[in-house]
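Please go over the structures that come below.
There are two complexes below, and they share subunit A, which is joined by subunit B in the first and by subunit C in the second.
Up next, the complex of A and B:
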């Protein structure tokens, strides 16, 4: 692209760069802090580039003080289970609401809409009590179960499936497929953009979630990454910020890498849900 | 014996009657075209026959089996959709194989990975592949089998859709405007192919279209559906020459039929200009009737001659023929005459002319649209004179 740098374009670009810098600043600061040693962090001077590179020391601490593998593994297990369950539940639901005619369809649509309005914070306490009664606190079940039905997922897939032509489903029925067969063989293979988009929303939300793990998990071996950071702080008496930032970096890295790898599909998925299939 | 019949199919959506009692019978190997204006319920009828929708009442029989309670898959009816409805994620070959795989393989055998380990699965798959290949060769799409629908042209997709429908030897074949997405040349070519394919397969076919030339040229019999009623089911020639209802006459024929208002007197005589028709019936006198005459049976005469005085509005040159639009002096209606180019030499817009109608081809319709019998009066007089 060889566009001349007019005044308006210069102005727009500076505005965008400023915005990007503002959003990136904490992250840059985090990367910088992860390389500083204790004394430098608490000194009065503020520099982006560490005076003595303490990356080795900080990362060693981050990796040895708490079981980082365990945290990351928990994160993967919990996010993976949540995602799989959400898709397995939401896809058939959305298909039924979008393409099948049944009496309670409108009522169920209303319930889905209602579900979108209720945040997890509203139901946290009753859920906690229920898990406690079932003695399921400190388990993967407690971390995963409340999120297995995603109203947002149903809603997103519903919009996507509505745009799929009815004739395609009619053809599948004539070819002898059952409704479950139609979902598995026709709907899902053609809904990858929507599934990708949803997967990213879901994984990002649950990987970074601190609220719910904090409520149901007290045992370190079930801690998810953000909760692990809390334990880490406690273990470190709370003032080794260099190591803490190194640990944070390790935890955010998988998502950043995953996003960069899937960037194209991600954008594709987002735009596809807006357009028709 | 009919191999396929519909009896009194009714359907309404939210209290709107869309199908008002449609009955139809097809003989073995017959090709029936269902024509009608847009929105008259053709697709709805096909969906009901296929089992994708339920009729409010009525009976669907294939052979001697009542089908209404069977699911779409159990009816063994194949359908080609207007949009073709190919599976976008499968190649042409896989698309054609789907109906076979769904019927010949068990649920376990269809599972990915596990299926290929089960006994017999290989054999069946090879069988399916062979059938797909044969079908593809007969439709000349064997070079396309590895392409996805997105990588094919409209005509190629249409053939893949045909192949997918034909491959499992259905007992009835339904097509919903399969040619409407093709360009004009390809459409004429594909018409021939479909008729050919139908000959070879010999499966009774119900072919929906809103293009009357398609219906008249392809079908053994044409069913004209208007406003949810099947008004006439007959051979193309009969539909054109001898419509049983004014709506059929109006819908079929290009350019359109001339329809003129008239009155029937107490003796059952209808007079229009110098033309007199006898329509023996017990109808009350002064009943309003409509005269219909196709443009090719209207003759041009010099001014002052002919049954009707008219003035030329414009001429439409179509190559082998010319359509003359002429306004009748008496009632202000525009009449169309289809003549050969030689007859209009020197004719200009605004010129006064005379028109004659071929009395033997004038049709008479009652106020409610029914066809009435009509005989030119001169003939009646001659007969009575002789008798």
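Up next, the complex of A and C:
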């Protein structure tokens, strides 16, 4: 491929750069506005560098009105619990479906297919009524339990396990390993790429989810990051965009940093999980 | 003879043991699937035929009354229409942009990783948070977008505040958020196209890049495009976060979308029975989309 800047390449690069600028604009304005004070924001200037550098004031407001540490911690706890449960439940099941013979396999596949079709939005009403009856609203249980099963996880691991050589498992059986031991010591270590991909998919999905937390949590101390941001907006009655942008920045940063550090894995994870949703 | 019988029963017990282990390994998943997917799905269908309201002790079966009410419910019809408009805008635009960007990145060796990262960034960002940023960008008087338009002598609309533009404002955010995802899937699809096909096409006299795209790239991307389309449509039908954060269905129900209406009826007004009927309609839409995808997939010609 020639490295000379032909007209076509110049055109392509300009187009890509212009698009990139448009896609980055929200982030640029977020960082810029987080440092502006009220009067400068309301002067509606397009200047990106704040005149007075109100970063300290805005971040203090963002950190004190709603406990950001608590929100981020809740996000980590909820996403962590969900991920661990999903993997612990889905991996043995996928292994059984992929490598063991049993009568219920067809029935299981039907369940998985049904599960892939039914999102949380469809099951939310009965689940809400049930959690309400059990007085479990406003708890980590309510936030985590419905997602303990990921049919998508089963589906993804199943595809991955099917491609694994049977010899690996036979060898482990000859060594006298139990089936549970095989799952833990042979399957999981070999399935690491699939687990990572699934982990990224799961964490991104649940870190961002608003629908379910909005339904089961009214108490701020159980709020996840998106819900907490809604509470923060409600607490900021006026249009205090400086503080709002500071809060937005704090809440967006963890996942964005994770993405920038491991972007190859992120993109791989999303494509892999995207291949068959 | 005895030997054969013995080994036969040994195989049989081994088989039975294997089946038992399989059941054991799969049982937590089966149990949770029944509890959190199958039962609630059945429950939502049953509840759709009742007048159940949270907070009232008793309920009765009302047959198809909820569905009859849905047909004449202006809010629900509005909601279906808005969801359709939103989907009709976001899906094609985000697919075309995703494909276009993927093609540009693929053909341009420089800055490939950088551009991929930038366009993918919105997918990895908290949508509720970024929606707040968009609200500021869209602000009618102090927002950068309208300030910029004013420089060009255009007086920008009240994007999210006017019923005539709110769905377009939300669509822009939806497109911005989903292009990166589509792009990454298309990039994966493009890398999977064997290079030899392009050389073969060139030998056959396909010279212009447009013909190359029309004759090789586009047909080979068929399965990817179908998949991206399904995912995009389903995600658009599920639009909720931006509506909840920015417009709450307003102004004047102009951004009333399906999940928002269900949320309002079920979890704010607590009319669980009625909201369940809406949910059944929502589920039916998803089923139809899935069936369509499989029908297309069956008809798909595979070139590899």
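Quick note on the criterion: the second predicted complex is superposed on the first by the 257 of 277 C-alpha atoms of A that agree within 3 Å, B and C clash if a C-alpha of one lies under 4 Å from a C-alpha of the other, contacts with A are read in each partner's own complex, and residues count from 1 in each chain.
Basically, a contact is a pair of C-beta atoms (placed from the backbone, for glycine too) under 8 Å apart; a residue touches a chain by one contact, two chains touch by 3 or more.
As the structure is a computational prediction, the values presented were derived from the model and not from experiment.
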Touch test for A:171: subunit B only (first), subunit C only (second), both, or neither? first
Once the shared chain is lined up, is A:213 touching subunit B (first), subunit C (second), both, or neither of them? neither
Which partner, subunit B or subunit C, touches more subunit A residues: C
Identify the partner contact of A:50: answer first if only subunit B is touched, second if only subunit C is, both if each is, neither if none is. neither
Per the contact definition in the header, classify A:193: touching subunit B only (first), subunit C only (second), both, or neither. neither
After superposition on the shared chain, which partner residues are touched by A:121: those of subunit B (first), subunit C (second), both, or neither? second
Quick one: classify A:42 as touching subunit B (first), subunit C (second), both or neither. second
Would you tell me which residues of subunit A are touching subunit B in their complex? 165, 167-168, 170-177, 181, 186, 189-190
Interface residues, subunit B side, partner subunit A - complex: 47, 50-52, 71-73, 77-79, 81-83, 85-89, 98-99, 102-103, 164
Quick check on the complex: what are the subunit A residues that touch subunit C? 1, 3, 9, 12-13, 15-16, 19-20, 23-27, 29-30, 33, 41-46, 88-90, 92-93, 95-97, 100-105, 108, 111-112, 114-115, 117-119, 121-129, 132, 145-146, 148-149, 151, 154, 179-180, 183, 204, 207-208, 210-211, 214-215, 225-226, 229-230, 233, 239, 241, 244-245, 248, 251-252, 255-256, 258-260, 263, 266-267, 270-271, 274-277
Interface residues, subunit C side, partner subunit A - complex: 15, 18-19, 21-23, 25-26, 28-30, 32-33, 36-41, 43-44, 47, 54, 101, 104-105, 107-111, 113-130, 132-134, 136-137, 139, 141-144, 147-148, 151, 176, 179-181, 184-185, 187-188, 227, 231, 238, 240-241, 244-245, 259, 262-263, 266-267, 272, 275-276, 279, 282-283, 286-287, 290
